[in-house]
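Here chain A shows up in two complexes: once beside chain B, once beside chain C.
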Partner chain A sequence: MKSKQIVRRPRLSLIALATAAVVAGGPALADETSCSPFTPLIKGQEDLVYVWTLGVKGVGDGSDKLVTVDVNPKSKSYGKVIHKLSVGGRGEIHHVGLSDDRRYLWGGALDSNKIFIFDIGTNPAKPKLVKTINDFVEKTGFVGPHSFIAMPGRMLITPLSNKKDHGGETGIAVYNNKGEYVSHNAMPKEGGGDGYGYDAAINPQKNVFLTSSFTGWNNYMMDLGKMVKDGEAMKRFGNTSVMWDMKTMKPLKVFQTPGAPLEVRWSWKSGDNWAVTTTALTSKIWVYKQDAKGEWQVKDVATIGDPAKIPLPVDISITADSRGMWINTFMDGTARYWDMSDPMKPKEVFNKRIGSQVNMVSQSFDGKRVYFTSSLLGNWDKKDKDDEQYLKAYNWDGKDLKLAFEIDFYKEKLGRAHHMKFQARDLSTLKPLDSAQSALPLLAQSR
Partner chain B sequence: MDFTPPSPGSYRLERIQAAGDGAVLDSAGKRRRLAEFTRGRVTLLAFMYASCADPNGCPYALSVMHQLKNELERIPSTRGRVGFVSLSFDPLRDTPAMLALYGAQHADGRHVPWDFLTTRSRRELLPILKDWGQDVGIEVDRATGKALGTYSHVLKVFLVDRRGAVREIYTTDYLLPAMVLNDIKTLLIEDGLALR
Partner chain C sequence: MSLAGLAILVALVALAACGRDLPTAAVVPLGLPALPVPPDAPLQKARVDLGRTLFMDRRLSHNNTLSCAMCHVPEQGFTSNELGTAIGLEGQTIRRNSPTIFNVAYVEQLFHDGREFSLENQAWGPLLAGNEMANPSIGYVVEKIRTLPEYTGRFEAAFGGRGPDMMTIGLALAAYQRTVNSANSRFDRWRYGGEANALNAEEQAGFALFVGKAGCVACHPVGEKAALFSDNRFHNTGIGYANSMELPRRHRVQLAPGEFVVVEDKALDSFEKRQPDVGRYEVTLDPADSWAYRTPILRNVALTGPYMHDGSLATLEDVIEFYIRGGIDNPQKDPLLKPVGLAPGEKRSLAAFLRALTGDNVAQLAAEARAAAPGDALPAKDPASSYKRPY
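Showing the complex of A and B:
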């Protein structure tokens, strides 16, 4: 795309076919938060934040919904909810992902197994539900569609569970951009694999993607307090992560990363060659890197907080230059900034309590604006007065987080605030071709 | 970027979607069906417009297709089994006559036909774009609202098997000549062609 705000990643350098056994290419730019490398990025000021929000009985209409917030400081409605779109019912909605052209947003529900596709290109300020996928379990045998990572013309989906026993064994699935099933593969159980899944992150420069692992429906739908007292349930968490060949969609290597490795991110810095995750139950940072022989290896490089207190590291957000990373710890509601300039020796250099609980974090491309939301899972969020539900926006100057605005999602009768994605209003100035018949004379004049 | 693409025939390309059909014009101005170009052979199809100047867009796809064509021309057994299509999404300016001139610069060679197609109108073009999943926007001057004569689009190149199924889709970061070549060979091997 050519919008001033939307930038495409630089193309790969041309290669000579005759000698191209090994492909060489150009650098990659940074991500705003956790977008697929195939999705165009917003490099400037994001205009909108979509918040995928769990419905709560007795709060507003009680339905799961996509909430649109104006986040451009120059706007009259800055810091306000400008649109909400209920999808009907409560299905334990969780994460969202942008399509390869940033014109559609896919959102999943971990309990109902529905996948909602929103048109966010025609009018970004007023998303429209254009399709609901209801055949995910039937087509794949998996349960709990979690992450949505755009690949060209299609969406890579990582679920959490399976329909057979609602445990943690699962796989990966692909649907095309029309929302039609394409394929699915089981998570490996060979080579040390436990078959569990959670998130995925793609590195096209290496023709690989990395997946992590969490737990199945039986656990993520259970009350957290009950689960932690259930010894058997606590054994049913993923302890592995897997490197896959992106072209063949086959596993390359299974890594032992005990304690539920959750979000995975690649360094976006040119020339870098590492990925990172954190383990929720063991409170570790793990870095994946190729050794001198080109084989992928993993190493736990640091400890987050006091693991004995189970701070529960959840979402992470790596900076554009990959020199820093936000790590949220849910239980103490704290955002922690880690210096990643040496990824093998990261250091926590800042922390701040955001609320009674904090889960997701998304930062702007330049890292100057950081957004936090509160909800982890419907049955895992804290209770009573500690069940704060919010979107909080901060300005980050490299030394301190300064609150820019906050929205109380209960006060606004919205629900539990979960995953976020950014959007630019500029897309609306790139008029869709099919609404531009009146532009034909203009086009003729411009010649 | 550094990896060795998996060797041809060592992997399966999934059926992603059906290749869309629609009424098109060839560079002689003759009415044709798009399906005529995407059945019975392996086809590499790119949406484009001739005046595109974005180095990461249509010109990049064109250069990659050139490299692939040159390589395939060296494999005589691919004759009649592979074809290229460039389909314009700018029917106002990319007339058949215009594309005949434009295509003449690119479509030389003996074994691999390269057709440059357009449509009679946007009315006939739009369902094709929708069916294939190619986003195209008219770029306008924000101050005046006037069209700038350029289009925003995420570059997409489609690999279609001989039964008319899209088996791979490439955007700019994924359009790697060596990998596309192996994908084409993989489909040819699937059809029983012995490639050496």
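Showing the complex of A and C:
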């Protein structure tokens, strides 16, 4: 990678200062699917959606690829695939994450353990692969790089497994923006920890980040039906989440959140101080909040669907004002909108079937546009006629979802549509985090 | 003598030691019979060490993610305690449970269905199977090993100047596996070592049931001077039959510790169907062998769950319950399986006895394997891209 990417490496001691306003004050920061608070956001109309797409044998070139879709209604190519970039092989690619300046996109592969870094700043409509990290297992001992959460000059990476036995014990890792290894830590096994990991979300104001836990390579690579019938495999899911000190990267507290807590999100509403996750197997919503003594506590606040039928809640997307949250349930292909105005008493107020299997959901900053994709994991997706693969864009008016466009990823010979990130064609209005020069106006500089 | 000369002398002595045959008794703990070693594949330290490294090398799979040890995890009884049936490259389904490597030298016909007859040949099965390590060809594996720096000179040192090829790779892996022997359990010290108190009363009662009323010894024989706990034959217990005939099943599924739901097969229709498996019949094509699978060696059985060829029984107690019911009835069921009435205390004694079969060197064998693991640095080039004809 060219050195121009790395221009800012603020000291960690500046992080809290630099971001003190991110959560607590100033304009609310949308999740914009799951962006790090250190990444400048697109508050207006997003121009592009990148879809990290799993290659499927016999579909097109069969390779994993980054697919770029034009999503600006004013564009002539609205709703069309305008670029695709194959990375070679089928490595169980999964999530992508934006760099701290939104000019690079990191994408991980849960099986090959490769991490691809795309330049999405030079020409956002034509991403270019500028580096492939091949040393993740060698440097960390971990397997399955999952989430990529930008920190100043760094990328926090949460893997799912380990090279020793492909089980669920894993850790967290940090690379710098050049794609060089910096450090890694094991997930805690003491204090009630099970050592499992999955997602992470940062709250700089509180100098904490929260991690969740899923399962190891053995399970996430296996056919879902086979796994459900395998009694031993079903014992190997994460049941914990962990609050960490962001500066020291040390665990502060382990929470018992049984049943595979997945995506974690902080409320971005000014003055709020809570985070949320859902557990895939036990179908619950959990809220993390500080008690009167300032200690972090967690509580299961609601049940999603009928847990006896294992609806499998997967991705979530919280609104900019934190008054609502989308929750997708994979097994019934349904998107559910939950009223989160009282996070301790959330209520499902709307649901709609999106397709056979709905997984990821990303909403625009204003919440008016909601995008859904279909693939969960290559071998967890349904088979035959139930294996629909799509990107579907909807308009949301607060009462109903109305389809804007859809792309059949099989018909287009692309593969399985998984994680999404938005981008703007003109990045000149996006100012990267530059805490060394100016810390506080970060949010005002968002588009 | 100069320091350089001394170093050469030391190296020569070490090389000579590498080339010497290992005394097989050194790798046969108390309780096991004499080690069967092919006359043309002598156990030599350099070969064993090389095979151990190969066994632990994740790069021996096509996409560099799966070693032999990922399905035969040293710390999990050289099987996988976390899976009923294994999965291979890119998560592909493997129909059967990973058999333990413990004492595999004594297995006469390898794999659950006995389709392979030597460890040297068996090694190539998983390396080339499309749903296991999935290498595209023999040459691809050979070339990859040849270019990995960890193996520079090691094959030549172990095989009289011969480099990695199909023969030497199989020989090295077989040599190592012939040393993964584990016995000298409390049972062995009690029965063969003269330690009358090595088994407690409950365990001794369990042994009496094992060789008596429970009838286990019919397939898991115990000798006067040694015990394999396997007849090395193939038996139909009914589990394979039930799978093939898709007898209706309801699955008790754990969602979280202590939290279960019941799921019926039909609820999983959208996912992969069970793959056909007729057991030993697939090798002999003799209908009498349908759904028969090899009797496993019971040594270290407490460490090698889940049990049966499909990993469908989680605990030793589950296995005992299965057998005292007489297995699952089917036309080809082995007549040795008959219902046996055991009182709860007798079942506990039997389980206690089985747990006394754990060898005293399992931790050592696991540590040796882990210490031999090579690095994870990926090949600089794909073997198919780097290959150049050497002649």
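Operating definition for what follows: the second predicted complex is superposed on the first by the 399 of 447 C-alpha atoms of A that agree within 3 Å, B and C clash if a C-alpha of one lies under 4 Å from a C-alpha of the other, contacts with A are read in each partner's own complex, and residues count from 1 in each chain.
The criterion applied here is as follows: contacts are C-beta pairs under 8 Å (C-beta built on N, C-alpha and C of every residue); 3 or more make two chains touch, one makes a residue touch a chain.
Predicted model, so just to flag it, every value in this text is computed and none were measured.
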First, second, both or neither for A:Pro204, with chain B first and chain C second: first
Which of chain B and chain C A:Asn162 touches, first, second, both or neither: neither
First, second, both or neither for A:Glu180, with chain B first and chain C second: first
First, second, both or neither for A:Asp111, with chain B first and chain C second: second
Partner chain in contact with A:Gly153 - chain B first, chain C second, else both or neither: first
Touched partner set for A:Arg103, first chain B, second chain C, both or neither: first
Chain B versus chain C as contact partner of A:Lys229, first or second or both or neither: second
Touching partner for A:Ser317 - first (chain B), second (chain C), both, neither: neither
First, second, both or neither for A:Lys250, with chain B first and chain C second: first
Chain C-contacting residues of chain A that also contact chain B: none
Contact footprint of chain B on chain A as seen in their complex: 1-3, 8-18, 20-26, 37-38, 40, 100-101, 103, 121, 151-154, 174, 176-178, 180, 182-183, 204-208, 245, 247-250, 427, 429-434, 436-437, 439-440, 442-447
Interfacial residue positions of chain B with respect to chain A in the complex: 1-6, 10-12, 14-17, 54-56, 60, 63-64, 67-68, 70-71, 89, 92-93, 122, 125-126, 129-130, 133, 135-140, 142, 145-154, 156, 158, 166, 168-179, 181
Residue numbers on chain C that touch chain A, as the complex places them: 58, 63-65, 70, 73, 75-76, 80-85, 87, 90-91, 93, 249, 251-257, 259, 261, 263, 265, 267-268, 270-272, 305-306, 311-312, 314, 370, 375-378
Chain C partner contacts - residues on chain A that touch it in the complex: 89-92, 111-113, 134-135, 137-138, 143, 163-167, 216-218, 220-226, 228-237, 239, 258-259, 279, 281-282, 307-310, 378-379, 382-384, 386
